[in-house]
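Two complexes, one shared chain (chain A), two partners (chain B, chain C).
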Partner chain A sequence: MSEQTFYRQAGSYLDSVDVVEVQRGPEPGGVGGAYRAFGETLRGLKTTMSRLIEGPLTIEYPEEKTPVYPRFRGRHKLHRFEDTGLEKCVGCSLCAAACPADCIRVVAAENIPGERVSSGERYAAVYEINLSRCIFCGYCEIACPFDAITMGHDYEMADYDRTNLIFTKEMLLAEPIERTPLKSEDE
Partner chain B sequence: MSEKREVTLTIDGREVTAVEGEMLHDAARKGDVEIPVFCYEPKLGAPVGACRMCLVEIEGIPKLQTSCSTPVRDGMVVHTRTDQVKKAQNAVVEFLLVNHPLDCPVCDKGGECPLQDITTGWGPGKSRVIDEKRHFEKPIELSPLVAIDRERCILCYRCVRFSQEVSEDAQLQLLERGDRTYVGTFDERPYVSPFHGNITDLCPVGALTNYTYRFRARPWDIEQAGSVCTLCPSQCNVSFTVRDEKVKRVIVRDNPGVDDGWICDRGRYGFEMFDAAERVTEPRLKGGSKTDYETAIARAAAGLGARDGKVAAIVGDASNEEGFLIQEIVRGALHSPHLDSRPAAGPRIDTILGLEQPEVQAKVTDIDEADVIFVLGTDPMQSSPILDLRIRKAIRRNGARLVVATERPTALDGGAEAIARYAPGQAAHFVGELTKAVGGTENVATPLAESLRDAGKIVVVWGERLGAAAAAKLLHFADALGTKSAGTDVDGPKTQDSLEISAHQHVGLLEVPDTANARGLREAGVLPDAGPGLAALAINGHGTEAIREALIDGSLDGLILVGVDPLRDFADTARWEEALNAASFVVAFSTFATATAGKADVLFPLETHAEKDGTVTHPDGRLQRVRPAAGRPGDIRPGWQTLANLSLALGHDTGVTSQPTAFKALTDAVPFYASITDAAIGGRGIRWQETESASSFPALAASAPSSAPDAGAASADTQRDSASGEAAPVAGALALGTYRDLWAGPITELNPPLKFLKPSQRLEVSPEDAARLDLDSGDTVRVTQGAKSLEATVAIRERVPAGVCFLAEGVAGANANGLLNGHQVSVQIEKLSEVPA
Partner chain C sequence: MTGLLPLADTQFAESIWIMIAKSIVIFAVIFAILPILTVVERKLIGRFQHRYGPNRVGPFGLLQPLADVGKLISKESFRPQNAISTLFILGPLLPVLSGVLALAIIPWGDVKNGVGFYGIDVPIGILYFFAVGSIAFYGLLLGGWSSGSKYSLLGAMRSAAQLISYEVSMGLALLGVIMMSGSLSLVDIVRAQDGVWYIAPQIVGFLIFMLAGFAETNRTPFDMPEADAELVQGFMTEYGGMRFGSFLLVEYMEILVVSGIAAAMFLGGWMGPGPGWLDPIWMLLKMLALVFVFIWVRATLPRLRYDQLMTLGWKVLLPLATLNVLVTAILVVVT
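== the complex of A and B ==
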């Protein structure tokens, strides 16, 4: 494109665009000035005052928490059967196969009669998720043939130590840990 | 094979060239057309057409045909993807799944399951079955090592065919009929066979699983790493399943030239010992105190260097490179000629050269094509299990005839056409007689000679245990036989000429040595009378037994032991104990903390075949590479590195700085390995006889003493063979023969899953002697030889000749080696207690 055509095109563009007039305020001083100083301030204050009766909107995290959507994919949970208390996970490693971040490690073992851990022939002797690598895609949940693993709603997993982010089976079976005390009702 | 005609056929529009007689399925594979199969497995022999998964459409034949059992014909037009075929495939899969539990998540086969793959690839994708599936108790023990889940079985017959037609133990059967059919043994007894682990590789579903691997890992958790099993001279090709740097499973890595696609249970289940508590994982000093490599090497070098010229070495379990470096240390750095790689006095170098000549050397696959297989002085089942399967296959499928001549009854006796038993210690005499019988003299060996004469292609599978004198006569025997079968009448001593006339077109020798890499160590120069490449030496040193005596009389002072356990594996334990105590400085390399290792002043760890990097040589001359698969536990360093550093510390630079340089040093030193490269060895190994450097193999001297009938009868070599060395046997005494039991040793002691196989000492006697001595099977007896004795349980065996008894070597607590003294011995038997009624 030559320089000329460029300007020609730019020019025709400028022609077709509405030119916005700048609205200028009253000149400083005089009545206009006084109105600007108080009137506009009061108008602003009106908004402030009207919100004041709504009460504060700030969520006092971590004492208070934002609710999440039902399908939010937070920290994983391993589940047990409610009736028998056995672990649903049979250590099949399908979740590990599905995981795109390769952050699940399963080492299975055979159930001993009388000391059953899961309902199948095998159970997960080691089940670890490295949450510092997890991308919370939920593929593990989809892969699991027994609904043994689901993504929970817990998103508070920050830690000072990376090694603490490797969640073991016991941690995943337990309810999420309460990291910070929530404000009690009457506080 | 090569004279088979080639045929051309069309499969799915592709032109494919196949060999006449080949099955359609294999031909299709050549054309990159995949036809699903379940029951077809060429290793198992003739196809049975049991599963119908491989149906294809052949033009001109109205019904679909099983491609696994239809041989190719010229001009055949085959379709594998027509609607008719698809419908059939869908139907077969649907039928198979009617009773299949589909419990993939808990099934150990999941992820590597042909049924999963074929169902997703060729199945209908959905099931119409709403009925109850069949149920069996599951999982149950088929054997202490293999679990069976009968619900998952698709009745493909593979395991049953293995048991019936490959290992020929005939224990597995399909019982019941129809949908109640299940795989089992008679009366639900455990399936016992030294090869039964192979059925877990064969089973195309998760019906047969290894207890040692159940649920240990999924295919995406593991890596497969190919190596070579060095637990016996068969040197089977294996693949290690490794998870988290540890071996979790051993499976076959088919090599038709070596193992025919099978491995024995020793190789398959003998991997947990790699992690045993008894494993030596760091250098140690006397008393077991742990140390680092630098200190250990400095100590070893100081101790050995101070005994310059008075150090000997005995090598057992080592790679070719390690063997080569040890002979460098002993000969080069310590100026001593004394080293050996054989448990007992072995044949002299001229005998070895004669027996190793490429023309007389049989390769393993020669057994497949042999007309007659002559098993002499070895029981392959105990010493080289995979050869046992190979010989059975030759008899069953190729109609080979079998002739057996051994001291002790062998596992192969049942299939033999002629059997001879010679008394323990009489091997040399027997081979001599046999040679005469082949030449036409009538004697005890005549019946055997009849079977061997004019037999066509003969493979002699002979054991190193024959002894030096017998080995010396063996070449003469082969020579007589070869010449005889070639139709020339020869009597009298052989000359170089007659050796060439026979050209051994007909006779091949295949050794079954005592240790896994016996041939490689020999060729690397770990012999008292030959250097690398079996080259003659200026000064010959002592062999194993002479080293022992020299240590006791003080003419030798220091000892290097590499991968040997004389206190367990060598004859005459007491004398060895004395020798080890007499040695003022012992450096040992050992995998496990054995009694022998406990005597070492400096103890270095050894790698196992899952960790080692190096080459080994198969008894038929095939160089194979052992490759590191798993991590080395503890502080273990590679063997070549320790040895090279030790040599350096002794002031002898071998120039070895890595495994490739070690290999290079070896191939430079051994002329007939010269053209072998790592690439040539590859995954399958290469026989040096088939390379151009084979011509550099040292020729036999024209008047080679080994081809004269009685040459080997030199003093020390024949100790084992001269019954004359002993006073006349006391009345009632039995001649003692010993054998190496497949399961004796660390294999059953350090592998928890194999503990149930740990042998206890059995005294095998003939029914005649048992009656005379009033013994019953199961009685406890004391077996006494001179001042030494052990306890054993009596086992009466029909096939043991009268006057002879057998004990196993290496059995913990009752080791027959303790009763031996290098001569033929006889033992007294005293009954201690009766078998409880």
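== the complex of A and C ==
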């Protein structure tokens, strides 16, 4: 292959794959150096000015929150049946078995007819997730046969005290106080 | 002539109380602008980088300088053990003095009802600016040298080299304007720009003056004496508390002074459409526009290397400025 055809082929390759060519200024010294000093400076000034016109891209976090994707794995939620209000969790402990971080503790108890807590035979008398250990892998969600536990969208869980990070069943069943924004379709 | 001060060759003399009132007003205005300038610079630099800049303290972050000064004042004015104490204290004071003195000759308006809208119209005009402006460099030199620290010493040496590289080009850049107007007085120079601003015929002089102005005020791309990356603020390394704060304050004051001189020499000073009382506002607007250029350049250009700085000063700016003076001289004589 001659040098010419090589460069022609390389050129068409560059055209096809949308490669941005590296822009280099001329070598220092002489007329090129003068251009380098002034032309390139003006180009830089133009670049910064267009940044100024575009405006800031900052998301001012505590006031504005970054929207999350629908599949974002945040803090867990426990669910109830919408019609009967019974808990979906039947206390089978499959989530605790699936958990690689060993952060879920379930103590099951028998449902008493008349004051049923869950739809199944048994219910979770104690359901605790230690969020300081949780790695947010979502295996509990996959393991659950009744879709009783899902990963929510909250990511603001920092606390000053480790004991506050052990979430009880009541906390996990309740709606989060502050909702995290979701990304819209086109984002 | 009792009660009158014939300090300047201005065909009239002003009474002492007018002088005092004028100096208080100029002081108040400039020292009200300075803190705002610091926060405006940080906000602009932020926006040049797609950020907001400070916006937490007060509305739009405008109280940020108050918080900064409060922090600096409450800090210990530390002095290294092997520093030369008198010179160390003198270091930050000299630039403040020079900045305040240089403010006096910035013309804010013409003479109206026997009162000149400027601190003082000295007949040597622009020479006064050079004389007083160079004192500021003594502050940097003494401060850096007396700190007893290698970084400070390097910063001071760099500022000395920078001074001798740029002061000459700066003077030559202004010489063209002086030849065209036939006067050294800044007020007379502004009056001579009634028709055409000197930026049009003296564009080369203007560019060289602004370049030298960046060097004079230790701003990027010529902030070699400070060089926060490699010299940890250079001559300011050992300073803390309000001594450090006054170095920072002076930087902004020098920017204002250089912008003011450039506005008066090249941009027609107080000239602008509208009634006479708008004159100081036009002057201020032109100054702030030049300050914006200072900030814009700081957001854009990296610091020059030491040899590049010397090359630019001696091999480019000095011949260019000399050529500019020669051509202007020939044109002035011919026309």
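By definition in this document, the second predicted complex is superposed on the first by the 120 of 187 C-alpha atoms of A that agree within 3 Å, B and C clash if a C-alpha of one lies under 4 Å from a C-alpha of the other, contacts with A are read in each partner's own complex, and residues count from 1 in each chain.
By our rule, a contact is a pair of C-beta atoms (placed from the backbone, for glycine too) under 8 Å apart; a residue touches a chain by one contact, two chains touch by 3 or more.
Owing to the predicted nature of the structure, the values given are computational and were not obtained by experimental measurement.
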| item | value |
| --- | --- |
| Partner chain in contact with A:E121 - chain B first, chain C second, else both or neither | first |
| Chain B versus chain C as contact partner of A:S93, first or second or both or neither | first |
| Touching partner for A:T58 - first (chain B), second (chain C), both, neither | second |
| Touched partner set for A:T41, first chain B, second chain C, both or neither | second |
| First (chain B), second (chain C), both or neither touched by A:F146 | first |
| First, second, both or neither for A:M49, with chain B first and chain C second | second |
| Touching residues on chain A, where the partner in the complex is chain B | 90-94, 96-97, 106-110, 120-122, 145-146 |
| Parts of chain C lying in touch with chain A, wherever the complex brings them together | 44, 46-52, 296-297, 299-301, 312, 316 |
| Touch list for chain B against partner chain A, complex | 103-106, 110-111, 139, 214-218, 220-221 |
| Footprint of chain C on chain A - complex, ascending | 37, 41, 44-45, 47-49, 51-52, 54-58, 60 |
